[in-house]
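Following this line, the structures themselves.
The same chain A turns up in both complexes below, where it pairs with chain B and then with chain C.
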Partner chain A sequence: MKHLNKIIFFLLFFSSSYFYSQLRIEITGGTDEPIKVAMVPFEWTLDLAPPFYLHEIVKKDLESFAEFSVLNPEDMLSYPTLEEEVSYRDWRLLKVDYLIIGSVLKSEIEGEVNISYSILDVSRQKNVHKALMMGSLGSLNRIGHNISDRIYEKINGIPGIFSTKIAYVDKPVANKESYDLRITDINGEGDLSLFLSSQPILSPDWSPDGKQIAYVSFEEGTSRIYIQELSTGNRRALKHEKGINSSPSWSPDGNFLTGVLSKGGNPDLYLYDLKNNNWKQLTDHYGIDTEPDWSPNGKSLIFTSNRSGSPQIYEINISSMRVKRKTFEGTYNARARYLPDGKKIIYVHRRKGVFHIALHNLKTGKISILTDTFLDESPSVAPNGNVIIYATKDKTTDTDVLAGVTINGKTKFILPSASGGAREPAWSPILDKY
Partner chain B sequence: MTLHRRFFILTAIMFGLSACTSTSIERTSDATAVSASTTSVYSESSLTSSSTVYFSYDNYNIDSIGSDKIKNLAAIVKMNGLNVRVEGHCDERGTREYNLALGERRANAIAELLIINGVSKANIMTVSYGEEKPSARGSNEKSWSKNRRALIKTF
Partner chain C sequence: MQNLFAGFFISLLIHTGLVLSLSNIFNIDLLNFQADYAAPIPAYLVFEQPALTSKKEYKRIVINDVTPESKPKIDIKEMVLKPDQEILILESKATKPNIVKKNKINLSEKNRILFFSSVIEGQIRAVWKKPIVPEGLSVELVLSMVPTGEILDVKIKRPSGNEAFDRSALIAVAKVKKFENLSMSAKLFDDNFRNFSLIFRP
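Up next, the complex of A and B:
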């Protein structure tokens, strides 16, 4: 009877999509054999009906990048809640690699719930993770994303990214004079406007703690870098210099920003001290130096320079100030970003007149083209290094969309935008510490 | 949607979010909506667009049609004691921040030609919008050629 109740609830909620979302993931490309996971609908001991089903949230999350396939409850042979109730034979028959079981229990505290669950390795018949989580009923969907993150981490060995956010600039096709800096959860929930302007906004970049976003705004009729605090909405303008003020990038310790100023007559890299509010020049070349990004260890920067005649990627060591060219293939390589290991970079690469996102191993020099869409730009790496999001053009509708690809190039997806003008995605760091 | 209405809706969304009860699962970042500051927003209405000069791809050389335009404009500017704002623009190809740099080269080329034609440097300001303010939509050469431009505005 208990099981029947669960199934009825499951059927009731199955067809409902829980949130309105502007951006949502749609898988477009093929994949490898995914890891098979089964999550038994958690036992629910509260008097009221659940507002969300954790197994539905987890299924949607884990299947986002086609790395996992999550079994539907109606295909299960048994519905265990406790480890001793598990018949591993059932799950082996269904070719399940990992089984998640658990329950949502009433808490002593009003409005709170306790969730206990286990991740079981079916082939080894072993409990690989046991957890107890506490939270409000209202935060059940967040708890669901946190559980997804943990399952991902326990199985794949790298952090899950289902609680992360993406900042992007929205420029609706229908309105020429509207530039909207927005933020959305990776799962498409909670899409919010941070700053709306009649003048261009570009280059959002997250602070390492995920609490602030730096960006460029033309609201004063010229480019200027601003920092906005997410919790309060407070904005702080960096010291403005004549000419271009662009390309903010936070240092890994959060104390500095690099930016690009052209006050010296042409664009060069500068370092902004957030305590003392001053700019210090880093590069000095008559060519264009722009688009800096900090190495994860904070010791060097990669940037775009046309000092050789065409835009190429260079690396500068912050202490020795030595500059080294990194790209030699093709006549357009720009806006590079480090992967979290610091050993690989991604950038915009032009081949036969077409712009794609390339992955470049700095040690071996191996370059692979990850994308096959049109006019690809602004790549941003997920904090676990496994997925890349970038901006591209949907040729058929002539609209700006965000798209993504896993770092192995196997799974491709798009995030359709309601306004037709999503661009400049910036992936947040890991935000939720569980 | 007006800014006001938008702000109202966002506030409503935020209120809805904050109405959730507290949770022991810590969330380090929750976004709050903010509307654009209205005090220092730049207005284009005080400027009269006077001239547009077009450029070829990845290039900031001014052709003879362009330089004739600038010569005429320089004479008007000097005669009437006007100020000039030069805006450099690019087509959508290439990265946005690199295009900001290219747009600035176009604006600077126009500014230099104005100075050669007798306009005082003090009366000229330049700004690059890169590819952020295209005048024509579409990913084809017809649109791109219209977007690779410098606007010379007098006031």
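Up next, the complex of A and C:
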């Protein structure tokens, strides 16, 4: 008993230290000001003139989503290229948060360059990141976007997406007669064609490694799912089943595809094993089940179904096959996509007769409308989960355009598209990660 | 057996009481009480009245400008003194008269801590540029501060796991460098603000 007493005393005594604990102040919000970055024009020691200025590429990239403001070189007080040359006081006066310095040096290998750079934290006078990159002079543009990605990730804590690409289908418009599957950089540069067909092309989807694209083509007169390798252009058709073959979606491990087949009489979800080339049925309901998307952990799928009478979003657990309805607001919710955290989804939501892109938090049930355009469709999420691209109608020109919005709804943009018939965008995974 | 249990419960009661009073739940401030007894009387002689023969009454003037932190408090009231006693004027020890005015509202200690916490919070918020990071992160920093408000040292107590997020918090503290408008009593400062935690959430 004596011992028990002691134990209880000590327990109480130590728990009392909780009351004595330090004062804790919580900070739950900051300023809305963008992070200010200064990138000093890199030292250039090559004999020929630079084909691109890296600081210009990085400035354009970082300012795309209004998260950063990048200082113009004209406004700088000095142009240091080494850490020893940096006078932090000058940069603090300019209210710079991060300073980026570096140089492009000649390599011993013909046509190659060595690029070294540092990201400096101005308020704490610390080197945050130092890197040395080697690459060919011809790919300086890509190296620039890669540096933007690294800077973005170091400062913002989530991966940069400036090296990613967007696949989309260009529909026939006035002076063009064929459907065109294309990929483009996110700034609209490097737009190139992957596949041309006189028949419709639908629903492109990237493989998780970013090396292949699956899509639906009607080239044989009926819908069929194809996989095309980007580097070679080689195409492979999946086993065709009677009726509709549509909506391919890669599993996160890349071994499976889900698709929609109507061989059972009405559209249901099926799973395609890419090694054994066979279909396995996932859902069996007299309603229409379509537009599946894999959760990032590969354990469940979300899809659109009209089993309740109106199109709504449902989730199916792959192992238990249990189906759960996820949306209850409104009479039209379709084409859902997971965000990379798996906790939120986006989909097309009709409100007051207008189709918007909505963000839905699966945990809290909170729904927020992200877009103010109309006739919005087929949203696709950037691999860092911060930006959404979707197809919409440009009211002023009455053309089909790809528009983007950041997940906080604050920044909106329109992707420059040449023809005016762009539909069905699909954002690639992170590419060029080295 | 019954007796043993009774003993146990009584000792539990005593210990709980002991622990609760140690954890300052009754607001008994033993240390401060003693300190005030030891402290010199904040007074000095202004002038001395020569001994009077007549039996005239004098008033003792007490200016209560003493900050509420220093105990015991002296009430504002006139006391009738004997003629041969000196007139004492108590001088305020407070260095900043505007704060004394504020304190006349007589905020409780808890409210004062909350007030100065919000002052600190506001100054951090004004400079914290939080990066776009996944939800649900939080980082806890421990700051050491001197009474002038200057930050001597900052350390990460509980990292968030996201380097960029942790750094953004450290940068915010580095930018503030010195907190303004933290004029408080030495005791309040020593008890709460010499070392304190800042928790950043997106």
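The rule is simple: the second predicted complex is superposed on the first by the 397 of 434 C-alpha atoms of A that agree within 3 Å, B and C clash if a C-alpha of one lies under 4 Å from a C-alpha of the other, contacts with A are read in each partner's own complex, and residues count from 1 in each chain.
By definition in this document, contacts are C-beta pairs under 8 Å (C-beta built on N, C-alpha and C of every residue); 3 or more make two chains touch, one makes a residue touch a chain.
What you see is a predicted model; the values in this text were computed from it and never measured.
Engineer: According to the stated criteria, A:Phe374 is in contact with first (chain B), second (chain C), both, or neither; which is it?
Structural biologist: First partner only, chain B.
Engineer: Based on the superposed arrangement, let me know which partner A:Glu219 touches: chain B (first), chain C (second), both, or neither?
Structural biologist: Once the two structures are laid over each other on A, A:Glu219 reaches chain B alone.
Engineer: Have a look at where A:Asn127 lands relative to chain B and chain C in the superposition and call it first, second, both or neither.
Structural biologist: neither
Engineer: Could you say whether A:Glu33 touches chain B, chain C, both of them, or neither, answering first, second, both or neither?
Structural biologist: Only chain C; A:Glu33 stays clear of chain B.
Engineer: Which of the two partners, first being chain B and second being chain C, lies in contact with A:Ser103: first, second, both, or neither?
Structural biologist: Neither chain B nor chain C is touched by A:Ser103.
Engineer: Between chain B (first) and chain C (second), which, if any, makes contact with A:Gly157: first, second, both or neither?
Structural biologist: Only chain C; A:Gly157 stays clear of chain B.
Engineer: Between chain B and chain C, whom does A:Thr232 touch in the aligned arrangement: first, second, both, or neither?
Structural biologist: first
Engineer: Using the superposition described at the top, determine whether chain B or chain C touches more residues of chain A.
Structural biologist: The larger set of chain A residues in touch belongs to B.
Engineer: Does the superposition put A:Ser116 against chain B (first), chain C (second), both, or neither?
Structural biologist: A:Ser116: touches no partner chain.
Engineer: Taking the stated contact definition, name every residue in chain A that is touched by chain B in one complex and by chain C in the other, in rising order.
Structural biologist: Common interface on chain A, chain B vs chain C: nothing in common.
Engineer: Give every residue of chain A touching chain C within the complex, in rising order.
Structural biologist: 1, 4-5, 8-9, 12-13, 15-16, 18-20, 22-31, 33-35, 67, 97, 121, 123-124, 128, 153-158, 341, 343, 385-386, 408
Engineer: So in the complex, the part of chain C that touches chain A is made up of which residues?
Structural biologist: 4, 7-8, 11-12, 15-16, 19-20, 22-25, 113, 117, 120-121, 124-135, 140, 142, 162-165, 167-172, 174-175, 192-193, 195-202
Engineer: Mind pulling up the chain A residues that touch chain B in the complex?
Structural biologist: 111-112, 133-139, 142-143, 146, 165, 173, 183, 190, 192-200, 202-203, 209-211, 218-223, 228, 230-235, 243-244, 246-247, 260, 262, 266-267, 288, 290-291, 304, 311, 332, 334-335, 348, 355, 374-375, 377-378, 393, 395, 398, 424, 428, 431-434
Engineer: Which of the residues in chain B end up touching chain A in this complex?
Structural biologist: Checking each residue of chain B against chain A gives 3, 6, 10, 13-14, 17, 20-37, 40-42, 92-98, 100-102, 104, 126-130, 132-133, 137-139.
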